[in-house]
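First chain A sits with chain B, and in the next complex the same chain sits with chain C.
And then the complex of A and B:
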């Protein structure tokens, strides 16, 4: 039923592919976070135009499937005269733009939970708007939304299975190739699923622990 | 780059069929997931603490696996264990199988949100288990979980794009194919984005409308 020789042979290949998957999704998450900060700031701005801009970004990048975003970036951008992107650049760009929209929605909740008195106090102390955002609001917003951010990382690692369509040898693509070479489709895809679970389940559980920890510390703070 | 939308009207029939396939796999798959998810949630609830462990573990494993990999297992791995489906039917089964564990999770939290006192009161009044479920728990739970259900439906709508990889002739596959054949990537991909934005926005609006309609019944 389970072909162990094939499995052992596939391990080094899967190991390399795992690195590609991790590299793309971690880079996507990092840049997505960096994109999310200005998008959240726009979304929560007092100026209507800025708010519309932020909301439109979130609407478009959350509303279009990641697969379609990948196709647009990899196939459409070069026809507009922009330089050809390498598969890895295109993949990281798509993952960042997409996760940026999701992370912005998460951070928004965190920003809204910060007492406005703190921001007024920062203004009175002569701290600039940008410094207030980065040094006072952001750290607290991240702390409050950490469980959701971990959850988003898990979603992004799962979504990164799609980067194989732009020709990257990530976990999914390598498993496809392995299955095509010895026709053990069921076995290779099952191993593939377990490989994703091996990364995702510890993250999911630590996210849940964080959530419980956070709920408890807030409960204590409220007492 | 020139933008010529007439490429869409000349292929209107093909695109219309693809749109229907997208909607069909999305809605039928979601309906399947909803039913299996409710059954799963009820089954897990009725089992003892240890007996439910295998089901919980399986549900964690499915939720840790990308949708694309679920499709690979069911569509390409299926034949080697005796499951052979045509592409569209496989697409519906993939969406249903994948979403069932997410629906079950939503139902679980919904059941937990119904106040315990009500269940005890219903038992005191002599309501049977079935009556309790259908007349007390389900109606309230459905109102509570409505936002989560709408959210999952929009997620699933976008997941149908992935079915193009397992050769389901839905929007992404067909518009992508037209783009490659005629080199009109811009027109087809823009149309593709707009189609998904439309479906997602429509779902969100219907969800909001329903929430406003039924929200008043709580409290």
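And then the complex of A and C:
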């Protein structure tokens, strides 16, 4: 039923593919987070133009399927005279832009939960808007939305299965190739499914640990 | 008022309000407010809820944008720039920050940052605004905590502190920046009654050290004892002002006497008439016949 020889032979390939998947999705999440901060700030600005700008970003990058974003970024940009992107750059770019929109929406809820008086106190002390954002609002918003942020990371790792369309040998693509070469479709796809589970399990678990740690470090959201 | 204006900074009052008005939509919250606060003076703003006293205090820090009149902090107009035609335009952020650097503010809800320790709260602005090194900021932060008697709580997060302790940390946070003027917005209103005393004690010491203070408060006993000047607001206007003995005395307008009588009746129900509780009125002040009857034995 299960061909152990084939499995053992596939391991080195799967290992490399695992690195590609992790690299693209972790980098995508990190840059997505960095994109999300200014987008959230725009979204919550008191200036109508800034709000529209932030909302438009989210509308576009949450509204267009990731697969389409990947294809547009990889194939369309070079036709406009812009430099060619390596497959990995294109993949990280698409994942960052897309997850940036989702993370911005998650963070927005966290920012809104911070009592405005805390910001007023910072203003009165002369702390500028950018410093207030980074030092006072962001740490609280992240704590408040941590479960959703971990969830978003898990979703992004799974969504990264799409990056094979720009020619990257990620987990999903390598599993497909393996199956095509020895026709053990069920076996290779089962291993693939388990691989994704194994990546995401420790993430979910450490997310829960982190949450508990933050709760214990005397932080209460209600204050 | 407790100090003569001999210091060079006393060329102008600490705060001057000239015909200040503010409306929310159709509702005129403040109207024609004139007020001067001298250096080292303690002014208490009192009055029924909704009378505009908190809004007035927030206007002084430009947390609310007053839309008529002018507010000068240490001689400089706060929040607005007025051109030759008398049109007002928002002052630059830099100028607003400059005006606010004279002010320290304490809020009803403390507004501490919950993810930082007490020391973190107190030293944050020292680091980010005054540009002190971490070491220097923490040293000055500890000094500020010591002034409010909470040096031993430096490493505690706000959630681990009582309401009174949180408010004292908030006072230390404002004091650490060495403001010339302290604004208090109902600093004891969110506290359990037994925690009010410790916060008022810190404020009393500040006042005795010569700090210029504007205090919105419901603690009439504190106001009567500590204020150089009481300002009574009703429906967005100042209807009485002066020394406590004057505002609370026989000459007080009916509206003030009514307010005071209600306050005393409410408190007479709560406290033993023979002991002097922290919220009780000092005996030098009478509140008119009706109030006196209601609180017989309190003074």
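Heads up, the rule we're going with is that the second predicted complex is superposed on the first by the 204 of 223 C-alpha atoms of A that agree within 3 Å, B and C clash if a C-alpha of one lies under 4 Å from a C-alpha of the other, contacts with A are read in each partner's own complex, and residues count from 1 in each chain.
Methods note: a residue touches a chain if its C-beta (ideal position, glycine included) is under 8 Å from a C-beta of that chain, and two chains touch if they have at least 3 such contacts.
No experiment lies behind these values; they were computed from the predicted model shown.
Peer 1: Should A:143 be classified as contacting the first partner (chain B), the second (chain C), both, or neither?
Peer 2: second
Peer 1: Which partner does A:159 contact after superposing on A: first (chain B), second (chain C), both, neither?
Peer 2: Only chain B; A:159 stays clear of chain C.
Peer 1: A:189 contacts which: chain B (first), chain C (second), both, neither?
Peer 2: first
Peer 1: By the touch definition at the top of the document, which applies to A:121: first (chain B), second (chain C), both, or neither?
Peer 2: The answer is second: A:121 touches chain C but not chain B.
Peer 1: Which partner chains sit in contact with A:135 here, chain B, chain C, both or neither? Use first/second/both/neither.
Peer 2: Only chain C is touched by A:135; chain B is not.
Peer 1: In the superposed arrangement, which partner chain does A:7 touch: chain B (first), chain C (second), both, or neither?
Peer 2: neither
Peer 1: According to the stated criteria, A:31 is in contact with first (chain B), second (chain C), both, or neither; which is it?
Peer 2: Neither partner.
Peer 1: Please name the chain, chain B or chain C, that touches the greater number of residues in chain A.
Peer 2: After superposing on chain A, more of chain A is contacted by B.
Peer 1: Provide the residue numbers of chain A that touch chain C in the complex, in ascending order.
Peer 2: Residue list for chain A touching chain C: 115, 117-118, 120-128, 131, 135-136, 139-140, 143, 217-221, 223.
Peer 1: State the interface residues of chain A toward chain B in the complex, per the touch definition above.
Peer 2: Touch list, chain A to chain B: 59-60, 62-68, 71-72, 75-76, 79-81, 154, 158-162, 165, 172, 175-176, 179, 183-187, 189-190, 192-194, 196-197, 200-201, 204.
Peer 1: With touch defined as at the start, can you tell me which chain B residues reach chain A in the complex?
Peer 2: 1, 60-61, 63-70, 72-73, 76-81, 154, 158-162, 164-165, 172, 176, 179, 185-186, 189, 192-193, 196-197, 200-201
Peer 1: What residues on chain C touch chain A, complex-wise?
Peer 2: Against chain A, the touching part of chain C is residues 61, 63, 93, 97, 100-101, 103-105, 107, 109, 111-115, 124-125, 128-129, 156-160, 170, 173-174, 177.
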